[in-house]
Amino acid sequence: MLEAGASLALLGGIACAARAQPAGSAPRELKRLVAANRILANEGVVDAFGHVSVRDPRNAERFWLSRSRSPALVELDDLMEFSLDGAAIDARGRTPYGERMIHAAVYAARAEVHSVVHNHAYGVLPFTITDEPLRPVVHTASVIGAVVPVWDIRTKFGGTDMLVRTIEQGRDLASALADNTCALLRGHGAVVVGASIERAVLTAIYLQVNANVLLQALQLGGEPEALSAEEIARSSETQFSPLALDRSWEYFCQRAGVDPG
Amino acid sequence: MLEAGASLALLGGIACAARAQPAGSAPRELKRLVAANRILANEGVVDAFGHVSVRDPRNAERFWLSRSRSPALVELDDLMEFSLDGAAIDARGRTPYGERMIHAAVYAARAEVHSVVHNHAYGVLPFTITDEPLRPVVHTASVIGAVVPVWDIRTKFGGTDMLVRTIEQGRDLASALADNTCALLRGHGAVVVGASIERAVLTAIYLQVNANVLLQALQLGGEPEALSAEEIARSSETQFSPLALDRSWEYFCQRAGVDPG
Amino acid sequence: MLEAGASLALLGGIACAARAQPAGSAPRELKRLVAANRILANEGVVDAFGHVSVRDPRNAERFWLSRSRSPALVELDDLMEFSLDGAAIDARGRTPYGERMIHAAVYAARAEVHSVVHNHAYGVLPFTITDEPLRPVVHTASVIGAVVPVWDIRTKFGGTDMLVRTIEQGRDLASALADNTCALLRGHGAVVVGASIERAVLTAIYLQVNANVLLQALQLGGEPEALSAEEIARSSETQFSPLALDRSWEYFCQRAGVDPG
Amino acid sequence: MLEAGASLALLGGIACAARAQPAGSAPRELKRLVAANRILANEGVVDAFGHVSVRDPRNAERFWLSRSRSPALVELDDLMEFSLDGAAIDARGRTPYGERMIHAAVYAARAEVHSVVHNHAYGVLPFTITDEPLRPVVHTASVIGAVVPVWDIRTKFGGTDMLVRTIEQGRDLASALADNTCALLRGHGAVVVGASIERAVLTAIYLQVNANVLLQALQLGGEPEALSAEEIARSSETQFSPLALDRSWEYFCQRAGVDPG
């Protein structure tokens, strides 16, 4: 939630925000978006590439995303605002990510989604190129949901550079994601959505943890025991309770050396 | 062991302890519990989740455990005391872990246990969802014991959020643990007990080391040579001798940047 | 690109460069070569061994390479210039790498190559001793190219110390590399080439990422879905666009604690 | 090599050495032994347990080894001198490692050995409990030698605590090691010997690298191509040349934050 009076600041960018608020402050949601970038980098969910966005808390038709920069280096002044067709509101010469359409299309399709992570987590990638379904087998990963579809850009768009560049490609991906929380992109990575920045970040982290555990369990032989539908539903609720969410956000912020905000 | 005069302090919490002891001091056992939290985090045995407790050295019907906080961040003032039904003695507004019943039930069932670790170590998790028994194959892990049972909360409690929330669930887990040192929780993690904080921490660390080694040995093919019952018994005794225990405690404290206490 | 007036400095070494340029400055290409050394070490692409070179931007018949020193420790004054037969131009008592012939032979054979990395990345090594082809399966690794040949020094040179010591051995390796971007050396490592330092470094990093992902995908069973020829071509172009290259270079420099230059 | 006049100092311990040499100095070989401890810890070759020794350069019937302490923490004053039956020359109240007999027996059996490492490197352990032979498959690991025997304490000594505690056990292990450079101890770890501290340390590091690479190569299927006997011999010579040895020693010292000595 933003403090009163932050709306104009948000529309005008961080430079304006500095005028509308106490010195050194910035809209809380944008500070948390910077923290999210640093956390995902620190946990190895993103490397040089990958990004995370948040829907504008004052305007559901807008979202915030860094300019084209590695998440480990993102600062407040790198954040740009976009409309749901992927157009920058006030670019100020900053170059956006080529794949901002992933975010634009998902926000357009899913009103309840307030944050989107796109990443190439190394532990998740093997599941993007094989038939083994990535399903939750440990309770902390219940939040990834029972079904993680795999989307292949080649199916509808043929030979590409693999990136989700157009709003049409973004919509097709959003359609494959459907009402799930995570989708894999063949030979590319994943998209993870959440009702808040914290939820999307946590889900992206435990998606990779779960992928590593599942890979190892498969090496032990036999069919790994999966979480039941009821366990997934109930455990997700617990993992997203304020108790669990605050605890893990504090932890990941401390590891990344950022203020929990 | 606590210094003379620490009993009241322990009952009254750290704030009182400060009055009963030299400035800056705190009951030694509680300092070691803070160290244990930091060590387990630093060695990757716990992440945002997981916890470690110690039985009150002055009152066997009580145990100490942090408030709901990630082990990496636990400080002396986070420690709360509980009775063996999981009720907080002096909460002072602090929120306890949802799973304190694991600790309560184990202390009630096992008089010789003075410390309990609950964790979701990633290397251990694969063994919680497959039929491959986790058994000690290297001597430093002899302390995990010959048998590591797997407990499934679903068997008696059906579809849950996977957490051990009630004293009945805790007792059922303690009953599956029986007189072993470690038990696995299906799709969830492990519980590790010890006659002291140092023993429980060391066992939790080498449980994960052993899981990794066993997984790799299985990949090499054939049946890995296990430790014999006699080797497990004799090696455990050696690993828990003051010589080995002091050496490893000093080492893990130094790595975690905490005072050995 | 070097600033005007740097040519003589380059020919005379860094000590001369200091005279021809503002205090503390050095030819930009050489600074980037130092950064490349540190990045490759920091990302685990090289360890005590391995090296990276750049073709002299003013003289295509010359290249720069550190004296015999681990990449993590290379400084500007360690850089030596060589002709394309591997002879040092101005050794000043410095001992060159025994395998500088890899670089010499590749620059002689491939006019479009401006940087060469030789490494023993642990994740790549398994593919040097088995029949499983290392091919790109994730888009960030499209830059390694469709074909990664394996060269065995034993085929033409019999029992050796495995090192590429002579210009004849270098030429044989260059011939096996042909017009590809990467080649593996059996039981030894890899050679990676690029049109610039940044490209060669990025390719070496993602060669290892891809090797790890492919190994894990193979463990999941079935034939991993590979990038198509068209995807490799288009994605390479994207990964080597200024947008992607600048972003990743900034990222890897920051992680290694070096100036992007 | 020790400076002139260091002999008495060596016999009398570091405290005496301080009198016989310039302020702050210590016999070079002992400084390097401290560095070796720190390097092995930093590279994950040893953890809380494991040790490294050096034969006394002035008296072939003596060797130096830390008191019972984790290698990561070893300092000059922890070093103790032992005779070849494992008896401490001047304990000064310090407790020796329980397994010093490994070192004693190997020095007694192998006149050309000047340094011994004993470790439980996690990557090596799987090969101690399976039938898959650990053989060199990459050139940097040629120094481990063509044959790495596995010794099982149970064969001659029945059910033990797995530790090599008596000189008889040490001799049996030395006999299994024979004239090889490395031997594995079933369910326990490895012993690695060298003609110098640097050689033993390097060999111990690349033994683990090779184990990891071999494990992964086996997962790729087929029989990994091994180094030939001639390649092992020639490559070992190269890896132990001053050029390679100095380069890697400087590198590993820098990583461990110790003076190359």
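Observations
Residue numbering begins at 1 within each chain, and the chains themselves are lettered A, B, C and D in the order written.
Definition applied: a contact is a pair of C-beta atoms (placed from the backbone, for glycine too) under 8 Å apart; a residue touches a chain by one contact, two chains touch by 3 or more.
Worth saying up front: this structure is predicted, and the values here are computed from it rather than measured.
Shared numbers divided by all numbers used gives the overlap of an interface; between chain A and chain B this overlap falls below half, so the copies present different residues. If you lay the C-alpha trace of chain B over that of chain D, the rotation comes to 90 degrees, to the nearest 5. Taking the CA centroid of chain B as reference, the farthest chain centroid is that of C. Centroid to centroid, with C-alpha atoms defining each point, chain A and chain C lie 34 Å apart.
Chain centres here are Cα averages; for chain B and chain C they lie 47 Å apart. Residue positions of chain D with contacts to 2 or more other chains are 219. Taken as a graph of touching chains, this assembly is arranged as a ring, one closed cycle with exactly two partners per chain.
All chain pairs that count as touching, in label order, are A-B, A-C, B-D, C-D.
By the touch rule above, chain D contacts chain C in their complex via residues 137-140, 142, 209, 212-213, 216-217, 219-222, 224-228, 230-231, 234-235, 237-238, 243-244, 247-248, 250-252, 254-255. In the complex of the two chains, the chain B residues touching chain A come out as 47-49, 68-70, 72-73, 95, 98, 120, 122-123, 125-132, 152, 154, 158-163, 186-188, 215, 218-219.
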